[in-house]
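So, here's a batch of structures to check.
In the two complexes that follow, chain A is the common piece, with chain B as its partner first and chain C second.
Coming up: the complex of A and B.
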């Protein structure tokens, strides 16, 4: 994919089955570490009311919005039902030398 | 072809209609709603987002109803149900034959006895039209009096302050949010309103509410009189049960349903704000909730059960409220709790755990800026659903993650 990789953080800055917020050039992203120790990234704001998803709870491959519990699959961006109906955009992620990068 | 009729096009009815399609129902769906516009979300009506736009936040676009094969009849009221002939007669003169019906008639604002409901200077808040009327009146320097220190009244007080109106809140009980919110949290909310310049007055009854000379006049039990440009009557909601009552269904603080959301009449279900139901996690205690997530979840569950799934209600009640930059969240029902434990979440956020005598977690409530309490309330909700008896020492220790208690 795109060669424009941006460093997010060190691998261990994100707990397993957790998420952090990452802001870059005026945009906000959510970067996830799955229970299987893989990394993913999506847009940072919920598609229902523009709430930061990084305050939400990660359960397996689901991120749940902190505001009204809208759910997305963070691996695919798929909205999993009411109140969210618009999917999240996802971004490629790579881990190199213990650091996490996303391509935006 | 089978025909499912949903009466009440609010959060619950609309979600149920879409859920039927998502679950593969291929019969006809008719969604009948009294309001003139398509189903919209009510929570924004008392929140800052209503200041940003004049448009309601619709649950779905009209195209989406058409695409999903949902016949939406707006501005039509269901007037009579014949549960034997299985028909419903509507205000537009039509009579619909149904195979199964869902009553999702919601609730209306509770009127103040003896006072006008929606006049030039007195208003309740349930619909988008109410919100627009209130918004028009909330101008700098205008005085807004709010009767009732419940969620809607306090959210509206916060909005009115953001618009620089003067605000008085009059609560009959000794404190605001007496129903369902622990004292410590209600205290934080009261203090914040006072700091923002709201005059919060508790323990005061209303002896009369009238309109005179272009103002609303509130007479208080103390003998005082308050003049306001607008009065919001926010003293709770009552379930819309007339239709069900006329059809002979059992009513018990709302349309009574069993754990599958079935009413006392065959093939008629009820869900959302209009119904009372037994809540298994609290020993089958009958409750009625006025909560947005409950309306969604029950709409979805009713859809499944109308299709023959037979799934019982298991959800934990959950509610939130936004005032200024603070969010309050509550999971579970705290009735019967004897122990209340506090966990601090950073500097300005905290949550309370409510446990019964045996140490079972019944409910959790939290308040803080933004979404500071959301994650931990959600984890507490899972503990409540699991009927857990968590270690009290771990609950209060902010450095022990709640997630670790779930696995235990």
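Coming up: the complex of A and C.
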């Protein structure tokens, strides 16, 4: 069960079909807003190499890494094929009073 | 007085590669020109339209040229058609393989994958092996002992370089690799960059390709003519010259072992025909700095960041005029390289890498 909710940003700080980087307690996360106006969160670094996913491209439910174009489903964390083979960890997200929170 | 030079070990299992890992040169954080998220998102946007258009032109032209080549087969008139067909087969496939491997050519995934497989077959690069080798090339661009795609090693082997304009060595090695993979064997180097779970795919593709080449050779024997091989296989030799001509300019003569693409990559202005064949990879600094940007957006990216880059070579001719003397210099002093001057407005990055190397550039 999710516990420790951390405020990330205001809802409108993330464009639709986009991602931002969020650093907390020495860890980095990627927080997404889908085209359907839902919010999701994953680990912020690609599982292939040490690259911030927040610099990548969001297309529908896919985040593509900016360095080697590795693709993940950011809703499930699933790696979608070479060069990424290891899934991303995902985190619960909620929106309250216009603010986005993740549970870490 | 004899010059003391640093002997480079280009093996992926050798001393230079180990040193690169120990010194933090491998998998390092590379320089990026500042560009706003909004602008970068606009540049990264995918579209099917440019690549669908270009692919119709590419494959359609090949079909027409092949038809004319067949129609005039046996007379001198077939030569120009095969020369043009060869360039589209043996050179345009290089850029299509590359761009579709990045997944940026088309918006639609299956289109990327389909053109990737076709282009890999034409250029004789196993689609699994080369996807992974190119991944490493982008992680460790021209880092000795790490980058498996360094086209001109130091000291340069000029004989080999000339032979490659005709594809001889490339094809020889490609055939050896294909046969080895088809027999289920991966080299020690391949195992350093292809994950274990991907290795069976390498073998499967090699077996399919062997079957296609065997069928083509069989057809040539059956009809008593090399015509089938003029259409499949041989164009990789007689049409390779353009991709070597443009590809050598990507990094040739520039610094190695740096972590700033402005110092080890070259942007060259080219004519529109070469840019079509090469799919805008003449904007090579830009491509390495931002590999997510599709080929059709590279001219826009270049216009946005050129203030932070070394001046582009104004032509292929000017690129060769600086590169060939550098190769000749490297025969005597393999530490020599062309030191790139950044514009006054550029933001320098990790100058220690360049400054340490600077004496060699004199």
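Assume the second predicted complex is superposed on the first by the 104 of 104 C-alpha atoms of A that agree within 3 Å, B and C clash if a C-alpha of one lies under 4 Å from a C-alpha of the other, contacts with A are read in each partner's own complex, and residues count from 1 in each chain.
Heads up, the rule we're going with is that a residue touches a chain if its C-beta (ideal position, glycine included) is under 8 Å from a C-beta of that chain, and two chains touch if they have at least 3 such contacts.
Keep in mind that what you see is a predicted model, and the values were worked out from it rather than measured.
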Which of chain B and chain C A:76 touches, first, second, both or neither: neither
Which of chain B and chain C A:49 touches, first, second, both or neither: both
Doubly contacted chain A residues - partners chain C and chain B: 49, 55-57, 64, 66-69, 82-83, 85
Interface residues, chain C side, partner chain A - complex: 27, 29, 40-41, 44-46, 102-104, 107, 128, 131-132, 135, 138-139, 195, 197-198, 290-292
Interface residues, chain B side, partner chain A - complex: 15, 18, 22, 41, 49, 60, 292-293, 296, 300, 318, 320, 327, 370-372, 374-375, 378-379, 403
Complex contact set, residues of chain A against chain C: 18, 48-50, 55-57, 59, 64, 66-69, 71, 82-83, 85
Chain A to chain B touching residues, read off their complex: 17, 49, 51-52, 55-57, 64, 66-69, 81-83, 85
